[in-house]
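This report concerns only the one structure given below.
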Amino acid sequence: MRGATAMIVAAGVVALGLVPVLAPPFYANLLIPFFGYAIALLGFNLLFGYTGLLSFGHAMFLGLGAYGAAVMAGENGIKSFEVVLLGVALAGALVALPIGLLCVRFIGIFFGMLTLAFGMLTHAILFKFYHLTGGDSGMRVPRMNILGLEFQAYNKIELLAGPFYYYCLGLLVLCGLVMWRIVHSPFGLHLRALSNNAQKAEYLGVRVYQFRLAAFVISAIYGAIGGAILGFRIGLADPEIVHWTHSGHLVFMTVLGGFSSFLGPIAGALALTLLQDQLQSITPYWRFILGAVLAAVVIFLPRGLAGIAGTGAALAKRRAAA
Amino acid sequence: MSLIANLLLGGIFHAAVLFLVAAGLQLVFGVQKIVNLACGSFYALGAYFGITLVTLAMNFGLPAWLLLPILLVAGVLMAAVGPPIERLLRTVYDRDESFQLLLTFALVLMFQDVLRLVWGANPQSLNNVHLVYGKLTWGDLSVPVYNLLVIAAAGATAFFISLFLRRTNYGRLLRATAENRAMAEALGVNVRSVYAVVFTLGTMLGTVGGALVVPTSAASLDMAIEFVIEAFAVVVIGGLGSMPGALVGALLVGLIRAASLVVYPEFEILAIYVIVIAVLLFRPSGLLGKAAT
Amino acid sequence: MTAIVETKNVSKRFGDFRALDDVSVAVREGEFVSIVGPNGAGKTTLVNLLTGLLIPSNGQVFFKGTDIAGIGAVALAKRGMARTFQLVQIFPQLTVAETIAAAVVSQQDKAWRLFSKLASDGAVRARVREIAGIFGLDGRLKSESRLLSQGEKKLLDVASAFALNPEVILLDEPTSGVSTAEKHGLVQILIDAAKKAGVKAIILIEHDMDLVAAYSHRIIALSEGKVLADLPPKPFFADPVIIETVIGRRRST
Amino acid sequence: MLSVKNLVVDIDGSPILRHISLEVAAGELVCLVGRNGAGKSTTFRTIMGQRRPVSGSITLEGRDLTQLYPFAIARLGVGFAPEESEVFGDLSVADNILLPTWTRQTSRSVDEREALAYRVFPRLERYRTRGGQQLSGGERKMVSIARALALDPKLLLLDEPTEGLSPAIVPSIVEGIASILQLGHAVLIAESNMHHVPDFADRLYVIERGEMVYAGKPNAVPKSLSAPNGPDGE
Amino acid sequence: MRLSRRRVLKSLAATGAAAASPGVFMPALAQTGPLKIGILAPRTGIAASAGISGLAATEWAVEKFNAGGGIAGRKIQLVVEEETSPKDTIERFQKLVQQEKVECVMGIVSTGVGLALGPVVEEARALTIYWDGTTQDGVDEKLLNPKYLFRSTDNECEAVMSSLLAIKHWKGQFKRIAGINPDYSYGRNNMAAFIALLKRFDIEHEVVTEQWPKVGTMELTSHVAALKAANPDLIFSSLLFADLPVFMKQAHAADLTKGTKLVFPAAGWQHTLMKKDFTPEGMIFGHNTLYFDNPQATPMQKEFVAWYAEKQKDYPNWEADRAYFAIASYKEAVEKASKAKSGQWPGVDDVIGAMHGLSVESLGGKGGWRKDNIADQTFVQGFSTHNNKYDFVTLDPAKIETMYSADLQKPPGAKFWDWLKTAQFKI
């Protein structure tokens, strides 16, 4: 199975790598947010899929990444995207720590509502503290250099469709590898144990509360990194990014792809990005169809697209065996 | 002095409408253990249909004073969306609550477009028909009787819900089901039909709330998404599943909003979230809720 | 020999209700002690006190000479006491190897290794194999726990507790849900495993007098929050008053 | 009337009942004895439709129950008083007892059914207005049985009806059961204590670890089954 | 997934491997076939009513233009996408430019989206004409020296005009002023502009209360109570969206509007919801660049309004004018540039060049483009009246005022607040 996953990942990376070369340039640009979401969802799923905590306010960390980038690069003139990424990751951890301390005391619906409340608190702050945050018009996220290279010959669209695209792909692979290590580490094992059965886990020496907090903080770091990518791409950090419906979309992607699998959320982010793009061009009523898709996934495919793939693989295996 | 009275009345009026929607949420959560994100959509649905029905009635030349009953009828009629949606939710009763939350989120997305398809993207509003009931003026204090009627209607709803739940056999049956579904079923309670009834009732509280508020307000597409957060705040503050909690929560939210306008306007929306978070942290079961798990 | 687990004049009240009243019991190294008693006798309360879950209203609870009142499950596991539950407690989606590894990781203090690859940790793997071998689960290491048979689940539950390398293990009705035909086999495996794993004392909470009679060195009977008897099996079962109280209390009182 | 054949029930994939069979004829009192965890409650819950069997059949007067919802089974006339009593704390004693009269119509009037329920446990009269939360364990037990009785059932399932009751009450419960039988109801009792089996039981089954180890007359139970296999758990 | 990949592969040959290198994003200006114009308009949410009006006007214009042979001989084909969040709208924009290969993009109502999209427009080098959405916080230039991006008037001309009208007509009649404005940059700037102008004209005043309800707040009775308690002589409000009629209703019910002077520069946003029942006469009422019932209107406006009323069962707001202005000026510019190149289809730079200094008759009146790509348009305001055939208020025909934005917006490069202090206003 591990070999199969590696194959899927390799094929996926190659396919994504070919997009700027083979596909119309629009698609490369379209996929930049996908990279941002995919990275954020890697973290989100550590919290949801592996630790069993469903946050309905996770968009606040994406907002933190975007606004962090705006503050660092826009207000303070930091031009290196790597420095910004490190900065927002740190900020994500620092903000997540106190919020997490308060939230992870609860599980289930209470955890969901508490994170939702914190998310909307953030939204209200961004709106109200107009002089600091620009209110509804948000804050500019200027163009930054990546790996110290300015790419002056490229305008931003070209930068996004070319170098930045590969940069994000690389970042996704890197973040994915790190997350893969995390979920396959002793720490990851304990997270899965506590989400399966917290009481038993405790008797096996699992520090349930601390580990939930750690997962929350890590997910926030990933969220902030994803948010910084979104900010770079949009060129603006705006309050909509932390609205509760945006958090809902993160959950949507995760469930669409399948939260019980490592690659599921990434598949979900890709699927939703492409689906939404197609639907928006086809019909003005694309929200209805998205809602219907979500409902259908929840009802008929609780394990998401990864579930279909899993079932398919199992069937193939059975057929091969027979 | 009249400022305080005016603010108080404004706050209570807001609380009255909030209470209706929150009561619907509470009823559904209490019995079915489902947190319904689509409650705001029901509210919007009631508001839009309220306008349609009142306009229709006025065109037929019905007297203006029938406004309130017509709006009630509008709200009640729109509760017809309840049963099919309950049928949909039935598929996830036994699943993790995250799926239930997501399914209602899917409804929020779908309703946005349904409302647009039927009523268009422009906001809709009635003219001042609600002033047909006159205004009460007392020095500087001036309040439309309609607002008082809505407050009274919400109060009456609170009263009748409590009467229904405490004094009727079916209400007792609901409470029994809320407390212990398996036992109620073993005593012959058809839980499926109870769920359908409860969800429809919950929906109705939302649609009636929307219908009642619309003469003083307007119907717009984004009202659903904005309102659900406030309704959530109410139930969290009051305590999930608790009817008295909905009342207390609605009053608190309504009055805090009103008060913060005078004391510190910057704090208006923030105040509500801060209180929600404080309640969740120090009394996660809410002010009047039963112990949280 | 000194007691490894001990309660000294322990009482526990819940409001007006006196769940335990002045209970002093001790378990020494090398002992297999059963705790029995009818419904409401205070067994659960005693277990919760012994495992550091509750704080006594009066008296003290010692494990290896230190007071463990209310220290909680994680700290208890660290100090060397493990417990299993009456209802099988497993991690449904974890494999057998992962379940045992979860305990081994705690025991080897590796839980905070965020980026190390568990699969290539030889020390953990060796210990997982060893424990699985003891419980005859080595053939099922890669199976998801939820797919095991009831007996295997029981074994896994206990095996993961053993993986903590405990000095004392507390078994709360380990054979509940196991068929009559399998019950002796299971207990035998547990005792053998305890020997191999170097467990110094076993505390068994059990209803099945068959099992209690067959394996205990000593039986502590509780009744209405008090110690009714603390005797080896022979004198225990020879005393009709004790037997009547433990088995048929309601008719007699 | 009630016929359980070869019932196999798993919970989360673990076998809890292993080929259980039992019969209750009209008007009979049948006891199912076994210690806690032996499978008595699971048997009852499966009869009530709260659990779906893996295999085997359950019929009431020839009608298959395994495909019915619990409420339908209750409406067919199966009354159930569970082990934990499960009295509705939010409802008063009177409402608890009346509840089944709202869900099932029988030839007896509501008043009659209510009166019968109180006749079995006259002391409940005093607690009519009390909330379900303010009752002692024994009182809850009585409410639970009275409530099942108010369903006017053909068959009454009583899970550990005397558990946790003070010895002074046990006789009145036993009398209550006797009078229930006189009304023509069949009763199936689960008991963890052999000594609590009423003398007038028609038949007795002993269940151990999900297996039926004895079926027959109460007075013929082998000593080996009745002695060491004692009390229930907590 | 597979489907889209197949599609991706199909277009492989067309695009080639050079896609990742710079320079290929220039929209290909094909000279035959239909002329594709992309529209980005909100269809739902608070800005939907603007989007609907703008879309309708665009469709009307296209129908009209196409009937007359299109633009420089090419028939127009609209490609409509939705304006939503900044992120999604950028994607839709790029889809229009890169996939659909439209030659011009029009639309955008929300400021946040406009600000985010600006740099993208420049880098895509795609001629883009904003209908609206250029409110900037602090009215500092955030989109500097755009070349491809043409924007609507860039400070709140309607607020300046309303303020001037209030000063002109009511000077000396008010002292205690109160504000209720939406809590975002538009509302903040409007209120600030009003106060700045009061200072500029040395009007003695006292701000007795400022309310900032969140956009989308439908329950304003508490705000009304607070306003009422402050007992103002004049209320300045740039409320818009559905919040505006809600406020009017609740203010009327509380007798707040009786005897109080009302200055509402943005009232035209929801003009058909401003029912006579609760909207008083005599308030300063801004219709921005289109007043549908203007007795001095051109035949074209009258034709459009009649068409709109029949098709939409409603009366258009100013976004219709902005949208018409966008497409009409584009048509003019293309045809002018084409003529200059003796009938050849012009390049983007030619069209841009032709845009500057252009003057077109839009629905609401004259409009043109400045050298800095900012629109100049005609603004209409006046005093509300009940004397009409509708159930909502219109402007008193005797007191309609019209101003050209050259007198209402800062000149190129100026700082708005400094300009307010020194500008010569015609009142």
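Every chain is named by a letter (A, B, C, D and E) in the order it is written, and numbering of its residues begins at 1.
We take it that a residue touches a chain if its C-beta (ideal position, glycine included) is under 8 Å from a C-beta of that chain, and two chains touch if they have at least 3 such contacts.
A quick note: this is a predicted structure, and the numbers were derived from the prediction, not measured.
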item	value
Common touching chains of chain E and chain A	B
Between chain B and chain A, distance of the C-alpha-averaged centres to the nearest whole Å	33
Inter-chain centre distance, chain D versus chain E - centres from mean C-alpha coordinates, in Å	75
Between chain A and chain D, centroid-to-centroid distance (C-alpha), Å	53
CA centroid of chain B to CA centroid of chain D, Å	43
Per-residue overlap in chain E, given as positions that touch at least 2 other chains	43-44, 214
Junction residues of chain B - those touching two or more other chains	112-113, 116, 266, 269
Chains touching one another, given as label pairs in label order	A-B, A-C, A-E, B-D, B-E, C-D
Chain A-touching residues of chain C, taken from the complex the two chains share	72-74, 76-78, 82-83, 85, 89-94, 98-99, 101-103, 105-107, 110-119, 121, 124, 157, 160-161, 163-164
Residue numbers on chain E that touch chain B, as the complex places them	43-46, 48-49, 51-52, 210-214, 216-219, 221-226, 228-229, 241-242, 245-246, 249-250, 252-255, 270, 273, 275-278, 314, 391
Contact footprint of chain A on chain B as seen in their complex	35, 37, 88, 91-92, 95, 97-99, 101-103, 105-114, 116-117, 225, 229, 232-233, 236, 240, 266, 269-270, 273-274, 276-277, 280-281, 284, 292-293
Complex contacts: residues of chain B adjacent to chain E	2-3, 6-7, 9-11, 13-14, 17, 112-113, 116, 120-131, 135, 137, 140, 142-144, 147, 213, 216-223, 226, 257-258, 261-262, 265-266, 268-269
List of chain B residues in touch with chain D within their complex	169-170, 172-173, 175-176, 178-180, 182-192
